[in-house]
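Got a structure here, written out as structure tokens. Questions coming.
Chain IDs A, B, C and D follow the sequence of writing; residue 1 opens each chain.
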Amino acid sequence: MEKIYFRNDYSEIACPEIIENIQKYSRGHYVGYGEDEICESARNKIKKYLGDADCDIHFLVGGTQANTVMIDAMLKPWEAVASVVSGHINVHEAGSIESVGHRIEPLPEHDGKMDPDELDKLCVVHEFEHMTDIKGVYISQATEVGTVYNKRELLALREVCDKHNLYLFVDGARMGSAMMADGMDLTLRDMARIADCFYIGATKNGGMIGEAMVIVNDELKPCYRRLMKQHGALLAKGFILGIQYDTLFTDDLFFRLARHENEMAMYLKEGMKKLGVKLLFDSVTNQQFPVFENDIVEKLAEKYQFEVWEPGDKETTIRFVCSWATKKEDIDSLLNDIHNLI
Amino acid sequence: MEKIYFRNDYSEIACPEIIENIQKYSRGHYVGYGEDEICESARNKIKKYLGDADCDIHFLVGGTQANTVMIDAMLKPWEAVASVVSGHINVHEAGSIESVGHRIEPLPEHDGKMDPDELDKLCVVHEFEHMTDIKGVYISQATEVGTVYNKRELLALREVCDKHNLYLFVDGARMGSAMMADGMDLTLRDMARIADCFYIGATKNGGMIGEAMVIVNDELKPCYRRLMKQHGALLAKGFILGIQYDTLFTDDLFFRLARHENEMAMYLKEGMKKLGVKLLFDSVTNQQFPVFENDIVEKLAEKYQFEVWEPGDKETTIRFVCSWATKKEDIDSLLNDIHNLI
Amino acid sequence: MEKIYFRNDYSEIACPEIIENIQKYSRGHYVGYGEDEICESARNKIKKYLGDADCDIHFLVGGTQANTVMIDAMLKPWEAVASVVSGHINVHEAGSIESVGHRIEPLPEHDGKMDPDELDKLCVVHEFEHMTDIKGVYISQATEVGTVYNKRELLALREVCDKHNLYLFVDGARMGSAMMADGMDLTLRDMARIADCFYIGATKNGGMIGEAMVIVNDELKPCYRRLMKQHGALLAKGFILGIQYDTLFTDDLFFRLARHENEMAMYLKEGMKKLGVKLLFDSVTNQQFPVFENDIVEKLAEKYQFEVWEPGDKETTIRFVCSWATKKEDIDSLLNDIHNLI
Amino acid sequence: MEKIYFRNDYSEIACPEIIENIQKYSRGHYVGYGEDEICESARNKIKKYLGDADCDIHFLVGGTQANTVMIDAMLKPWEAVASVVSGHINVHEAGSIESVGHRIEPLPEHDGKMDPDELDKLCVVHEFEHMTDIKGVYISQATEVGTVYNKRELLALREVCDKHNLYLFVDGARMGSAMMADGMDLTLRDMARIADCFYIGATKNGGMIGEAMVIVNDELKPCYRRLMKQHGALLAKGFILGIQYDTLFTDDLFFRLARHENEMAMYLKEGMKKLGVKLLFDSVTNQQFPVFENDIVEKLAEKYQFEVWEPGDKETTIRFVCSWATKKEDIDSLLNDIHNLI
């Protein structure tokens, strides 16, 4: 019997609407490198959600690629990007930012988030010319541990960015889940007002592949496609990416899928809380981080797929992820098994 | 009316067999990053065609990416890769190789191909320690202008590589068309015996996306996946690439599509030759480079999509590309129009 | 009146013996790029102190340069170097290591030193292929805060390096002062047995310029001069560097100067301790880090040159550095002033 | 007996005035990193020769370093620098420019010089976004083969630079000899009006070490010292470089030394021409490139030091270089020997 999947949000090919459109468009011919009409349509649909902001939109294939190209565009050789220590670029991208010549200056993380005062202090210390000059700020929305920046928090970072003339870049691999989080007071339109650039991830939100980079700041727009080409990030068949976003941004599909992810995750979270399960982070998005005794983890692994987040001698934190395809009945089954085990 | 497409070989989503399999697999869950069972199956099928060579196979998304990651793996900081001046990495990848720190040492091109003696001399000159040390050789099979290296030519390069301890890397974005060229005496099995590493392109041979990197030389195998990750080239949904190759390497589909491309291109070539059309290169693969007077080019452009290769004051070389989807009737129409125009 | 200099150990041109030899050699002609007879003589003299180890010795101009070239030689693109957070490369080289594509993986510092167990754990965590692969270890002897690794400590790091197949690289900008520290049980000969590569700094030890890189591990020897050339680190007039080392390694001059530095520093340290001055670190080398109330620091600054190490609201740590040229009478004056101020 | 030196212009430590000043300043203490009063004085003296241009001046150690730092400052990741194929950065710096991520786009050379029309065309071709964007131009004054750009030629390049918004950077390792060339109609003051940045080399013009980078264009000024630090090019004992330039730019010493070099070279050139010796280039500066039969080259090598420029089966081009220290009597001896041999 196949195990029930709570492992991640990129284990299925794509949602049915996209599969259908792949088939539908498979009889046509399209111009290459993202200059086709499907991509153009997709860009226009996304812009609607951004309040018709004066922005450039580029479709890239994956998150590490999107992060590296953008940070490479933002920084001169002596400039650095600030990130919390747990930022994806600082841990799990195998030195991608450094590979194109840039240093990440680490800041402490607070439930996955960056503190504006600590950013401010970092900039002041780095005025010394034997150090890198802080020019970029990298944050994730949602963060690696499922938390989100609300409007007040994002504006506070923006203020420090304005003070020190920094670019604010938001990794949005899980932007959908963040935007649809309970009590979230930010919209994509707000993101386009506050950040200099950010991306809207499809890979983890029902698409087959794709990250849509939104560039709001005019300084970052020139020659971006050249830089993508240089990084191997300008897909020849760009229209495949166009199909993803054209589909997802039709009839709010992107947001409906994200809402489903979150609803399933909150259902699981509330269920676990009722059972007295400890949660390592107060995640409001589609990832949940329960802590179990090690033998319970072993038992659960027989029936469910999930990742180990932080192993310990007695207790282990694991990660359950809900996707657009997660079924309520599978969560019921999981909660029931947890109930029986603890 | 839509124009008839001879523009390139990557203007369709994918061949029907792949579209079908995308749909078929769309209900499953798969492990990420190319460690799933579909990728494993695809790798095994490819290995059969390589004479079960002791090689590693990795699936990447595009050609520029594949070239950059491989050359980055091959070279130490002070080492360079030799390429003919018209090599794709030397012209049309926006400085990708240099962006990761490596110099391309250019050699003259002869119908798109590298001369072994010139390579040999380059290595000798570069023994001077104020120059880069030649360590890699980059060639394309087929070349940018549709020609191919036969067995004797490839072995002659291998000999120089052995003499100077160089890695021989073959860009195989159009490997299918090269392998199926009329009179070709090389097989994939030979490629795996002669080259240190090469790739087998799906993007331009009926696949949706994908380049399968084959690493034969043990020195180049360690940590390749880390390097892919660093370059943003380790696709989260690796299984999508697996589906491409698992399909293409079932029932010789890859080779049947390539043969069709070539047959169409040869039919077009012979037709043009009969009409007295000058061809800039004696291409034996799916790209053809006829030379027309400028007003004829303009007329043709009203009905057909193609690229301008080399513009001139009076005459212009254009490029017709045949793909797995090219229809004989469209070539008949094209030949007929050429006949009427000249 | 000129202030008395405790600011650093590189504020004078050079010790008299070197000035004299500059003049002496100024009438000759020499081959370029370090292939002259003076460099050869210098290398042979240094090798004597290394127990005639089978090593390569190269003369570079400065510390940042020496660190960058060596770490670039050690690492493949996906590999990283471990350093304590306070390591010079991690703080005060303006992103030099990252500028050539490599990530520094930071470890906690313990009085400026690296803990072998923490290094071991870092390597284990980094076995995950989405992270860099730890391959190099960077430490400083003496450290940034004047402490030293003794033989037991260095061998403990070596053991972890052997376990994980890492290169151990020692920044020796202040190697002289470290070797001559009270109670030090390591010699240069030991350094050449335990480390894979290290350098012996002249800039801060009486020389005009120069860092002598000693490469013991055969894997790191090939093409090092090419890499130096690439980094702009192969001085055309290499013989100027040769003169530094040929002079310093004649009649133990290098060690006599270092001993003087240390004697002066210990005289100052003991003097301050007697006066009840708090010292931030228990430095056994030529740098001392006293903590004073802010108004005392201001008073001292009127007569003495020194650097502020760590400013605070009430108290400030400052740095006094003794050099080969420091005079006992100046320390007496300083101690006397401190006595009067506190 | 020591051979007579025509090998290069960097085989002596330094001219007597500098040796003297090294001694004179050896009893003082100076602030580090080029912020001392000697450097300040030197910068002011140089600025006088630049018509008090509003420029920044930085002292670097060597030519490869100066080239790499400047080109790194000029270019964004997707931008390239144009150079003639024989440019020093394109041949003899072991891939330094590429090592920091930038591509050199080669142009044909005409007696070592760049043709403005060819530069113009290169820029147009590179408007295609799959290629690098040309942003910098690198030329040498004097060129590698001893020729110089006169005012008309330099202005013609400037015009193309203005048309395409390029930075014009001049490698001035032999700027002294170029400025003092017979019939030269350019001054340093003109250089500062026409170029965006250039350097004035001391290493090959009587100094011990040093290249003085002059930055005229405001866009290139910010954070240059940080970039120097990152490249290991910010010398701790910057005052040693200051002494070079403070001495050389006192009483026109720099220009007097250059004039001597040139006078010696012209004396040698005219002598060889009278003897019917073929010269490969019509060099007006301190390098001369005579062509001799191979057995004559062998004979000359017994008594004189020189470099082989271009070996051949029968004839070989060699290089004679005159320096500030070259004596007329040695040239008489050389001419006499040539006379006897041919």
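Observations on the structure shown:
FYI, a residue touches a chain if its C-beta (ideal position, glycine included) is under 8 Å from a C-beta of that chain, and two chains touch if they have at least 3 such contacts.
This structure is a prediction, so every number in the text was calculated from the model and none was measured.
Across the assembly, the mean Cα position most removed from that of chain C is the one of B. Comparing chain pairs A-D and A-B, the larger number of C-beta contacts belongs to A-B. Put simply, the C-alpha centre of chain B and that of chain D have 43 angstrom between them. We define each chain's centre as the mean of its Cα atoms; on that basis chain A and chain B are separated by 33 Å. Here the spacing of chain A and chain D, counted between their Cα centres, is 51 Å. In chain B, the residues that reach two or more other chains under the touch definition are 77-78, 93-95, 99-101, 129-132, 226-227, 229-230.
Within the complex, the chain D residues that touch chain C are 2, 5, 7-8, 10-14, 16, 19, 22-23, 25-26, 28-32, 61-69, 93-96, 99-100, 203, 208-209, 226-227, 229-237, 239-240, 305. Chain A contributes residues 77-78, 80, 91-95, 97-103, 106, 129-132 to its touches with chain C in the complex. Within the complex formed with chain C, the chain B residues making contact are 72-73, 76-78, 100-101, 129-133, 223, 225-227, 229-230.
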